[in-house]
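Next up: the structures, one after another.
Two complexes come next, and they have one chain in common, chain A, joined by chain B in the first and chain C in the second.
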Partner chain A sequence: MITKDAEAPTVTSAPRTVLEAFGPRRPKKRQRSWDEVPRRQIYLPLGVYLVFTLIPFYWIALFALRPAGSTSLVPWPVTFEHFDKVWTERSFGTYFQNSVLIGVATLVMTTVVALAGGYALARFDFRLKRGFMLALLCSQFVPGALLLVPLFEIFANLEMINSLGSVIIAETVFQLPLSMILIGNFIKNVPPSLEEAAWVDGCSRFRAFCVVVLPLLRPGLIAVGSFAFVHSWNHFLFALMFLSDQGKQTIPVGLNTLMSADSVDLGALAAGGIVAAVPVVIVFAFIQKWLITGFSAGAVKG
Partner chain B sequence: MAQAAAVAKKPPPAKRPRRRAGAGRTGATPRRLPYLLIAPAALLMLGFIAYPVISVFYYSLQHYNPTKPWRNGFAGLDNFTRAFTEDPLFWDTLAFSAKWVFVEVGLQLLFGLALALIVNQTFAGRALGRALVFSPWAVSGVLTSVIWVLLYNSQTGITRYLADLGIGAYGTSWLSDPGTVFPAAIVADLWRGVPFFAILILADLQSVPKDLYEAAEVDGASRLRQFLHITLPHLKDAIILSTLLRMVWEFNNVDLLYTLTGGGPAGETTTLPLYVATTSVEAHDFGYASALTTVAFVVLLFCSVLYLRLSKFGGDDK
Partner chain C sequence: MFSTRSTRSSRRRPTAGLALTAALALTATACGDDGSGSGGDKGAEGSGTGRITFWDNNGGVRTDIWKEIIADFEKKNPDIKVKYVSIPAESVQSKYDTAIQGGGLPDVGGVGAAMLAGIAAQGALEPLDKRLDGGPLAEKLSSSMVENVRAAGGGKELFTVPTSANNGTLWYRTDLFEAAGLDAPTTWPKFYEAAEKLTDKDDNKFGYTIRGGEGSIAQALDATYGQSGIASFWDGDKTTVNDPKNVEALEKYVALYKKSTPSADVNNDFKKMVAQWDSGDIGMLSHNLGSYQDHLKALGEGKFRGLPNPTTATGTRVQLSNPVDGLGLFKSSKKKAAAWKFIEYAASHEANSKWNESAGAIPSNTEAAKDKWVQDSEPTRLAAEALNDGDVKIVQLPYYLPDWNTISKADNEPNFQKVLLGRMSAKDFLDTLAEQLNEAQAEWKKRQQ
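Right after this comes the complex of A and B.
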């Protein structure tokens, strides 16, 4: 019950209030009726920007769907030969599985570890807190790309080179700091009195957290989790460096292999790109409204 | 006596658990709990961020090259002197990094802000418009490269069709011409970077108190003045923070340039991190690469502190 009450206003009413802010004032006629933003001032720039956004998508779809060698600007007749080829011959089927595995494992690990740490940051005062916060912020400036060599050595010592585990750990570690700060801020926004009420009713701290706090964190968890998934799905360098076995590689590495071939098979490349894009675009379309409320509630402050 | 002692001893064990539970309720939890909670994160970060960073600092003072083991050993500041005095590539890549970050983040902020303000209005088809406009956000650096390689390709790309329309010449390849590769790469990265900014700013726009606008309107403030005096100040901290994060991110981001241009043509688009990656991976010169990394850290840290100071981040509360 509490969940619905808390979520509903942020999700549905927030955007609408802009209209309320500008709309009802019009009758005052202080200025001409254009006090409200004229439609063309919205649609014109939006349209221009949409063209810029969508042409690249159209272009890759065009190459993926039209037969090899065609120069038509319309992908008709549609062919799926490139997808067949890329999925089986270029083993994108395997890459896809690996990428999904890495993405889901990173999502779960990041969320669980960040929840624990974020809860500690939000609800406790402890001696190392300031130092820990500082470490979290500083780690934002540590470029994963520049740590490739020492990371490679660590994973080699752990005998984890060529195992998906190395990439999962590396992705999680670099997702953690920001996720933890965000989740900590989300938890701070949940009044402690709700939890305390549950304790009085006899819940343990853990149970109170699961029953009272967790449901309220849903937008935040969706934002953080999807961020972790999309990021690890997209990330390229760790997989490139730590996974040399062809059967262990991920979609971005597969794409890079296709791209750096001597004679690039543009159709296969485009089809591979679509395979890479579809899951994230679907995830993204699905969670979009959560993402905006999620970020605004957890916006990093102080 | 023994019995009495046993009786006397019994109650405490029964009491203790109860006291612990009670302690949890009043908030005075076992002191170890917060440490237990941050332990997994702390251990992961110690092992896979702190330790590598320290080893980079360590190697930066060493000659360390697995292919030339006879030279390995303590190097003092040799690696740094080499970077600052003998290696023109270092300065070139550092300068290109600065140019890349500055132009890219500046344009992303500009377009992202404009886009966020537009899709924050109410209009028919807004949900669809937002979804479409933001969609490249989720696209990876490598996929961005794939898409723009297809677009920029001299045989099959967009230039060919533009040439059909009489714009530009046939066979133009923007990515292999040193004169056009920079704008071409910038546009490709903007394509996916602008939505990121727009999303963050749009998120923050939701929290601007609406009555401020109403009050301003009653006072007869124009929309431009409302933007300058209500929206911008309110967004200030969010803009500063996302700009800073984005700057660091763009500086460190290797995926796009590595796959789109490979740092070429003729090293024209090699950023410092890209240079480090090639120095360590291809030339196996880990000692030198570590020194370059250390310089990159220091530069980033310095710029970040400077940026936060100059922008007086969070200054209103203090």
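Right after this comes the complex of A and C.
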């Protein structure tokens, strides 16, 4: 609140604000830049967190690399017998191929359809648009297990049970709502005037989209694509239910078959876990920069 | 804002292309189903030839031996091909339930006694009495196992051909017992003495590992009835689980938690329990015959033994019935004759012996049960002797109750954890369990009338 005294001969001698009336301001504490923070204050908590996070991974590597029956806390002598077992005897080579095929196909289909849907959501006004958006969001709350029997019946009627296509379609359908919303937000961030300029230069809407908008969506496409790939890579339920041929199963189902009702091969299970994790880790290592940009950029505009 | 209407044909092309691509993808991926039906289908006998589908309810670890048996069967029956499908044990119930509702059931499937009631109640399985009576297996299956699966299927008809039985086994480390100068834990007093003496918490050594997580109820009840000596699960229409003797026995058993067991045991399922016994310094483990190969791999021969559950101080052995595994013929099969041939072969002396030797389980085929490997494998031999010993009292769990799985798992496993943690008394736990069981039994009886 500003207090002014009209009778006062000099305005400067009177306090201008309530705060000033309580005396001179204390000098503002200067914030330290990151360079001035002692290294140990950064690295110590990070190191503790890293060790805490990596212990389970070390445990998996330990079981995978030490011989069966060993109780050593270091994987020495190193053996690859468990990897050999899961890859050849337990058909993980085949499961791996199937998981890659399903993951890549889901990625492509999700990205393509989400681009089309997201473009419509971002650029067009249509009746019941808000309701449609709400339905997209609500669909995220429906667990996959609830739709298992209806989906099973649909695929059975389409004669698609025991085909990789059934899993690809089911995964795509479940990925689409969130992907469409994310891509739609990215497209909203691209000024329409850029496209209009391309139209003026003679481009069709599709060509303008491909030439002008698409290159600007790279972080979003990588975020949505990687999300779709990783989700389908790890998903167990659809592959278990819709596929019955051993040669069509995926890595998560294969991992589950390493545990029977009363016996578990921990070495093989750990080796299988590493086989399952490595591709995802590699993918994330390469795309993490775009992934973080993508998710944060898509999140700021609703 | 952009226009929503456009007459330019070029703008329609992407949409048409997308639709065409989707249609082509749908067409290309339509690879056909396996020709089997849902729970309501009546199926057909077929010509006794062709390709049948077999679901292994305990897939993965037993896959190799099943493939060997299937290869032998196909050699003897060149007109029949068996498609083997391995289903993870933890998911087999939901796989069957989905297929019963939506279609896609196999011709033959592995069905354990614990899930038999639920599947039989949905009308998905073919009664097998007539087929069994007229065939080569008529007098060759263990009568106790046949009765076990008959009871699990409702008591009137036989819905699976039993293939193997398991038995509760107390595994103990002979090296640790010898070093501590302890007797084998053949009686409950010896068991408690060993659990206490082998525990040295400062050195991270424990006498016993208790199952507090998934599957805890059956193990706790096994220890409870084993100590109390009560030999029947029912006293008329009321269960005996909350009998004062059982309450006392359970109180003594759960008192081991943290005193002679690791504190992490509260979350132990069989995987964690077996893994920590195989890789640590724990004296005893209660599991079944199925983990024998895991112990052998981890500890090596001569360092451990497996005994049937301890007896009371007076020498009475009371133990719970273990689920008997079996093979069911599904009603929806269109090749029942060929499917039955496969079931007959799988339960024959040759195949049954081979499978059970691999699993370390007790064969259902009486000729296979006399094979040399059974005599050579001490845990299996002792378990088979215990099951066939007239003095051993077997408490038959009510697998026939459609709610048994829910009551013994989802409803009461969290309560057992509360008992271990001291947040619920053993009496309250058993009273709650008894109330639910009595209710389920009354409902089941009402439906039977």
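One rule holds for everything that comes next: the second predicted complex is superposed on the first by the 252 of 302 C-alpha atoms of A that agree within 3 Å, B and C clash if a C-alpha of one lies under 4 Å from a C-alpha of the other, contacts with A are read in each partner's own complex, and residues count from 1 in each chain.
Basically, a residue touches a chain if its C-beta (ideal position, glycine included) is under 8 Å from a C-beta of that chain, and two chains touch if they have at least 3 such contacts.
Owing to the predicted nature of the structure, the values given are computational and were not obtained by experimental measurement.
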{"item": "Partner chain in contact with A:A114 - chain B first, chain C second, else both or neither", "value": "first"}
{"item": "First (chain B), second (chain C), both or neither touched by A:I161", "value": "second"}
{"item": "Chain B versus chain C as contact partner of A:F124, first or second or both or neither", "value": "both"}
{"item": "Touched partner set for A:I169, first chain B, second chain C, both or neither", "value": "both"}
{"item": "Touching partner for A:T71 - first (chain B), second (chain C), both, neither", "value": "both"}
{"item": "Greater chain A contact set [chain C / chain B]", "value": "B"}
{"item": "Partner chain in contact with A:D265 - chain B first, chain C second, else both or neither", "value": "second"}
{"item": "First (chain B), second (chain C), both or neither touched by A:Y49", "value": "first"}
{"item": "Contacts of A:N256 with chain B and chain C, given as first, second, both or neither", "value": "both"}
{"item": "Shared chain A contacts, counted only where both chain B and chain C touch the same residue", "value": "71, 113, 116, 124, 126, 145, 148-149, 153, 169, 204-205, 241, 256, 258-260, 264, 266"}
{"item": "Complex interface listing, chain B residues touching chain A", "value": "21, 24-25, 27, 29, 31, 33-35, 37-38, 40-42, 44-45, 47-53, 55-56, 59, 111, 114-115, 118-123, 126, 129-143, 145-151, 153, 156, 158, 161, 191, 199-200, 202-204, 206-207, 210, 213-214, 217-218, 220, 222-223, 237-238, 241, 245, 248, 251-255, 258-259, 273, 276-277, 280-281, 286, 289-290, 293, 296-297, 300-301, 304, 314, 317"}
{"item": "For the chain A and chain C complex, residues of the former touching the latter", "value": "68-69, 71, 89-90, 109, 112-113, 116, 123-126, 145, 148-149, 152-153, 156, 158-166, 168-169, 192, 195, 204-206, 240-241, 244-246, 253, 256-266"}
{"item": "Interfacial residue positions of chain C with respect to chain A in the complex", "value": "1-2, 4, 6, 8, 10-11, 13-15, 18, 25-26, 28-34, 53, 55, 58-64, 83-91, 94-95, 98-99, 101-104, 106, 112, 166, 270-271, 274-275, 278-280, 287-291, 293-294, 297-300"}
{"item": "Residues of chain A that touch chain B when the two form their complex", "value": "10, 14-23, 25, 28, 30-31, 35, 37, 39, 42-43, 45-46, 49-50, 52-57, 59-60, 63, 71, 73, 113-114, 116-117, 119-121, 124, 126, 128-129, 132, 135, 139-151, 153-154, 169-170, 172-174, 176-177, 180, 196, 199-200, 204-205, 230, 233-237, 241, 252, 255-256, 258-260, 264, 266, 269-270, 272-273, 276-277, 280-281, 283-285, 288, 291-296, 299-302"}
